[in-house]
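Same chain, two partners: chain A is paired with chain B first, then with chain C.
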Partner chain A sequence: MNCVRKLLLAREFSAGRGVLRQAAPGRDLPWLQGSSCGQRFWLVPVRSIRSGAALSRFELVPSARGDKEKDRGPRDGSLVPLDELFELAHEGDRNKAAFSRALELFCQRDVRRRGHVEFINIALRKMPEFGVERELDVYNKILDVFPKEVFVPRNYIQRMFNHYPRQQECGIRVLEQMESYGITPNKQTKFLLLQIFGEKSHPVRKYRRLMYWFPKFKHVNPYPVPAALPRDPVDLARISLQRIAADLSAKVTVYQMPLVDISDAGKEITQPHIVGIQSPDQQEILAHHNPSRPVFVEGPFPLWLKKTCVYYYVLRGELLPPEEKEEVIDSERNFFYPMHLDLDLDRGPWDDEEFDVDEAVEGPIFAMCMAGAGDQATLAKWILGLQQTNPILSQTPVVFHLTPGPRELQAGSDSASGEEEIPQSWHAKQEL
Partner chain B sequence: MALSFKLLDSVFLSRRCHRQNALHPLLGPLLTDCISKLYSSYRRPGTSPDNTPPWKMNFSFEKGVDVIKKNFGLLKKELVDHWKGPEGYHFDEYLLQQTRVVWEFRSQKDLDEWVVSSDAEIGGKSETYLKLGKNNQTALLYGTLSTEVPRDGETRYSGYCSMKTKLPKGAFGTKKYYDWSNFNSLYLRIRGDGRPWMINIYTNPYFSHQKDDLYNYFMFTRGGPYWQEIKIPFSKFFLSSRGRIQDEQYPLWLDKISTVGFTLGDKADGPFQLEIDFIGLLKDRAHTEEFAYEKYEKNPQA
Partner chain C sequence: MLSGTVTRSDMSGLSLLLRAARAAFPAGARQLRTGGLRSAYAKELFLGKLEKEVFPYPEVSNEELEEINQFVGPVEKFFSEEVDSKKIDQDAKIPPETLKGLKNLGLFGMQIPEEYGGLGLSNTMYARLGEIISLDGSVAVTLAAHQAIGLKGILIFGTDEQKAKYLPKLASGEHIAAFCLTEPGSGSDAASIQTRATMSEDGKSFLLNGSKIWISNGGLADIFTVFARTEIVDKDGAKKDKITAFVVERAFGGVTNGKPEDKLGIRGSNTCEVHFENTKVPVENVIGEVGGGFKVAMNILNSGRFSMGSASAGMIKKLIEMTAEYACTRKQFNKKLSDFGLIQEKFTIMAVKAYVMESMAYLTAGMMDRPGVPDCSIEAAMVKVFSSEGAWICVSEALQVLGGLGYMKEYPYERYLRDSRILLIFEGTNEILRMYIALTGMQYAGKILTGKIKEMKKGNVNVALEIFVNKFRDSMGRKVDLGLVGKDGVAHPSLEESGKKLEENIYYFGTTVEGLLRRFGKTIVDEQLVLKRVADISINMYAMTAAISRASRSISIGLRNHDHEVLLTNIFCTEAYFKNNYAMTELEKYSAENLDDSIKKVAQQVLEKRAYICSHPLERTV
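Showing the complex of A and B:
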């Protein structure tokens, strides 16, 4: 292997093409010290055996890192599984720098980038491990591993057939992973793809598809979730409560901040956070609630914000029986509306835009909260806090319907199955 | 005469569904265990094809009689509906309708019109269940999503849960479609848990190579205790085949709708739930868009 390479080098030297490379060992040339990953195809314009700058530097001026790698295991001339490159590259933690180092190691190994398809497949698989699956420049670096201009079809027959299908599929696979993580490619991706596969190749088409559809559906979500969710549980609760409240006038109240404290006796006191939300409408409904009927604290219900699941609790009333429905406000006394007229103004079916369906009706919702702990004591504090703005709660019995844990959230609405009902009426007045 | 044409039609058209169904339209009801295969022609890698000869199928005469009874009932209904007007509506009602409730969930019978599936059929670990919600007023689709890829060496992605309607069938297994050309929007009343869903509409494929075509659009749920009313114009639906969005886009044929389904595949492992109150159609006169996507050639051929 080594001697073959030497032979090839010698041949190139004799052909006079190595003039530039002879200058290469002098490390003061700036264009050699640049990215060793990028191949300098302009060095040798003819498609022959191209040994890039990386090779010469590697052979003639072994760097410190190279020495270390040689200590670890034989690399040159013997087989090293491609997986091990990633093990070699990361010394400390697995991060972006380690990943790019692995890519560089591969690029330095061989001028012809032999086995690059396998290497790219491995690299794509390793990306989530290194936490770089959402980095656009890492994807570009992966595409940079492909040798340039080799797979570009050069005549119409090549163009007609699927030229270098394995390499094209591999390129598509890179783009597909970008697609599945929602990464929009950029100009550099296009430049690389054009250089590697040429125009109208399958990867370039895939790129075009991405660039056509991604911007179309970029803002299609009416309830967007921020890309990075806040770490602070209170902020997270604020975001999610505002999302589910569906009311811009709803007010978020932080009833209790999270706190870890050590008391005088040396006991650790942890205080879970309690964040609640209530809109003016909900407040008004609660004010008109009949205090003899209990209100219920139900939960936890799940809410998904992309890949995180948070749980919320609801304070709700039961569905009123038909005879206890509130009377409609007398239309004569309402200032803003005239008399309630029930005229049949020759309305036909073309005006009827109502759905002929009995909508599922449920009890009213009075407030929602998110808490660090789902036990009854924590939620009781929430109810205590709510009493300050809703005095009626101090006269109303509160019943806690709490499911044992978020893991057994099955129906969420079915009170009969797997729900631990705590029939204890809890009068807040007594505790106050 | 018309009946015999319909039977012939069914012989030709139902071949796609399953081999056994193509045997004979009247023999079909007697063979009972082909239902599950009707909805999925997927065969897991590594499993051998099902080569059971047709005479080894389990015959159940009682069920066969039931099915034949049902078919004659359907035939009667078809004839009566035809006499009344288009699709059983009176003509003026049919023309002036602004809204129509297509599916509502009030009893177990309504749930029987739906098929639930998940990636368990390709070897994955997700689970899906469908049941009636609180007060028997809604449908609750729940389960767990798991993106664990089956270890069969071929499958690369996994993790979906879905629910779709059964193929509409006329009497004696003839094909039927929903004709929604009077409407231009889909209207849903749902309550989700914040996960994004996809609505899939399957239309009758004219050619067999279009049998995997689906029209899709997104359905984002807000989550929370409040119901959510979603209106999706049919012009927004884009064409995809085998899960890949297509370069050439065509508007949906509203008079050839076969099934409607929901799919969840947001790659987030964990439990999910979706409550559906009803699914309806709406004629939104303010919406004039015919098709939301460009129909010119977008990704030029070589």
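Showing the complex of A and C:
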């Protein structure tokens, strides 16, 4: 019991120190100053960390709330479970400021940062809740929670063995979380790690590995998806269609803008968006399509853009019978030089650079579209729009081969506002 | 003979003089000939053979020479005194007086036979006059569009009635001709010609509808050679669209033209759109036969090119005079410009190019003037490619000699630069002509070698052994003797070195072509990078031949400064020899080794994104 009381006292004391520290924000703290003297080799980094730490302290306490925070500081400093620091910190929104405040609260209450490993683990877990899992400076602030200098090995024996393994593992965990969210650390991260764990520690090695691979992989995807997808379904459809078409000449046409209107009778009319794409090549193939053969509207097919799934429809033709496919080059085609030689010699095997690939031959695709609703009436409007630029479509039978799609799954979920809700939700389904 | 067909009121005394001079000499081999079966020199190169018909270098008779010189004098005088190139370029228009002067000189009917009121010049004489006419690009193009392509259709394929009806007025320049082939959607692709001619119900006329673009003389012309789609019923009764050529008079109605295009060079020549709207063309005005327009177009295009060689040479010779004057008077560091090695080099380049161009042009013209039906279309294409590129390089070098002065509008050099750029583009771009040269040669060689290659592929031991032995002897350093130099050689011994180089090139080119046919067969059509090298080698070899042949003749008959010619020939042949060897080494390799693969890949990646795709050098990832 005594023991516990002493402990509590000690915490009280440390909280008091916290207040002291806070009372003179921006001034160098004795331990930090001392350490900087001890750092013979990295004077520069240390200096920059100090300024960084001082800066972050300013940021952490938004000026408007500064006084309130100071009042509250000593009161809730000690006996609050670590989890609840986060609850305390946010008033209303869970956002970056609130998260920073929580970190700040923890740092204030104990100069020795007792329980920092647990706190950091909790903080890492809480990051997605606060929506800061992709904020580099927040990670740096988390690392800043570690006490500095303490875990740096001082002799070769410490260096040889795993010095402060729990802390090092915790540091690695922070970096791993950054890795899994694809956040590249910066110089400040490095300086913090160096200051906390020393040069050849595991977290620093982890950092180096990250810094080796991340820049290399940054542009590894030749078809990058934009970081933030547009919210507007028409814009989203536009970039998705351009992505599938993979033809810079392809032209996107918005056949119908989304519209919600109340008619005179008081009934709600919704008009789903229809966005289509067609390239000049496709237009040409369609123009040469034999109108006696039907064309098909098929879909929906899914397309994933990061965590968003959108659905598209295609207008395609049947596979051409071989006798119609052959295109004979007229010998009187080119005014200037012969287009083919009249020789009975073929290409030798050594110059045949084609890979032997089994290709499943498919029929031509004439156009693609995305729509706010997948019913035949909506898609028929698309075909009607296509007829403007492809007159042959008006003579060609169009067959709708529509699969139920994901609509079935959600049909029962919401019945009242189903008509506009469901299509919207499955045409741009957001998943976390 | 003259007055019978010509009804001109404004025939000047000068023209009469020319015509009189022309009539005084017997007409040599002057009829225009195109198309034919006799294989010519260039095709044989593809078999590794040297056809000695190009030795000795073609000569004209003394009478003819005298006659040419009689023409040359007045034309030269006219161009130096009455053609104001600067003004033509500035106003983008050839003044009517200048046009009238050209007409009076008879320059609108240079190759039209005398019975139709033309000058009836042979190809050689035409080339000679081309040298002078080219001193003004705009005039040269106007004249060329008129007679090298505009009225050529009537001249080659026209019926006697058509000739009698149109040629006299065209020869006098009363009517100007234009050649209407290009359309907005069709450059060299016959299938995309949209202009259509529909036969009337009575079958007596066609209704012509459509638009043509970039027509030289389009705004001036009264007579158009127009190519249009017509519906033909072929042998098995199926209806098919084919191209037909028509002579269309502006007077037929429905012919309109756009405003003249503003161009980079040859600004004085008239280039514009021409529209035909329900133009009624009588059936008699079909050139050749209905549906035979493709052949007409090809023949006109093929026959119009050879004169570009002498024209470019003429221009460069003039440029050398002008720049040499400057280089020998301007002093820097107390030294004349002409004392600097780098300036001297430029003059050598110009002299060599001019010499070779001239040699090629007159060799080709001479071959075309020979009796029989020689087909010199490959040679003509070679002359065009070589001389247009040479002209561009030389004009650029000349400009360089002059430094900043050459860049100023005050001096004529920048105009020459602008004017000469078109040479690489019109009458078939050089890229297209390279394909023509290489593919025509390949087709010829392929026909002959197919049997041999097939035997070898089948595994005929004798053929395979023969090839192996040949290869072995090649690798041991074979002495190639095609009879060009040496004991019974046709070239002069002072050119032995150059001759040997040419022989070696020709021999190995033959084996290279055979190898390519073995490797690619008929799919070589798609190997444009290979074909380009083949074309370049053969052009170089033809140029070497022309230079050696001409220099040999000059030495043998003791022309003035023939030692200079030997120097020029040796310089050119040595350079070309190394270039050819390099290209042939590349051709022996597979696409991964001669960079073709990488070249294509880069192009693909760039074209896929339609942009330069490298990250900026200042870009970072961290």
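One rule holds for everything that comes next: the second predicted complex is superposed on the first by the 305 of 432 C-alpha atoms of A that agree within 3 Å, B and C clash if a C-alpha of one lies under 4 Å from a C-alpha of the other, contacts with A are read in each partner's own complex, and residues count from 1 in each chain.
Everything below uses one rule, namely that a residue touches a chain if its C-beta (ideal position, glycine included) is under 8 Å from a C-beta of that chain, and two chains touch if they have at least 3 such contacts.
A quick note: this is a predicted structure, and the numbers were derived from the prediction, not measured.
Trainee: Looking at the overlay, what does A:K218 touch: chain B (first), chain C (second), both, or neither?
Mentor: It touches chain C, and chain B stays clear.
Trainee: Just chain B (first), just chain C (second), both, or neither: which does A:M368 touch?
Mentor: A:M368 contacts chain B only, not chain C.
Trainee: Specify the partner with more touching residues on chain A, choosing between chain B and chain C.
Mentor: After superposing on chain A, more of chain A is contacted by B.
Trainee: Quick one: is A:E354 in contact with chain B, with chain C, with both, or with neither? Answer first, second, both or neither.
Mentor: Touch partner of A:E354: chain B, not chain C.
Trainee: Which holds for A:T184: it touches chain B only (first), chain C only (second), both, or neither?
Mentor: In the superposition, A:T184 touches chain C alone.
Trainee: Looking at the overlay, what does A:A245 touch: chain B (first), chain C (second), both, or neither?
Mentor: first
Trainee: Pick one for A:V152: touches chain B only (first), chain C only (second), both, or neither.
Mentor: A:V152 sits against neither chain B nor chain C.
Trainee: Just chain B (first), just chain C (second), both, or neither: which does A:L345 touch?
Mentor: second
Trainee: May I ask you to decide whether A:L210 touches chain B, chain C, both, or neither, giving the answer as first, second, both or neither?
Mentor: neither
Trainee: I'd like to know which partner A:A123 touches here: chain B for first, chain C for second, both or neither.
Mentor: Neither partner.
Trainee: Where on chain A do chain B and chain C both make contact?
Mentor: Correct list for chain A: 216, 348, 350-351, 353.
Trainee: What part of chain A is in contact with chain C in the complex they form?
Mentor: 184, 186, 211, 214-216, 218-219, 248, 330, 332-348, 350-351, 353
Trainee: For chain C, which residues are in contact with chain A within the complex?
Mentor: 181, 188-191, 242-243, 294-295, 297-298, 301, 428, 432-433, 435-436, 439-440, 442-443, 446-447, 450, 453-454, 517-525, 590-591, 609-610, 615, 621-622
Trainee: Touching residues of chain B toward chain A in the complex: what are they?
Mentor: It comes out as residues 92-93, 96-99, 101, 104, 106, 131, 133-135, 137-138, 140, 142, 157, 187, 189, 193-196, 218, 220-227, 245, 247, 266-268, 270-273, 275, 277-278, 280, 282, 293, 298-300, 302.
Trainee: Which part of chain A faces chain B closely enough to touch in the complex?
Mentor: 159, 180, 200, 205, 208-209, 212-213, 216-217, 220-223, 240, 243-246, 301-307, 309, 312, 314, 316, 348-362, 365, 368, 409-415
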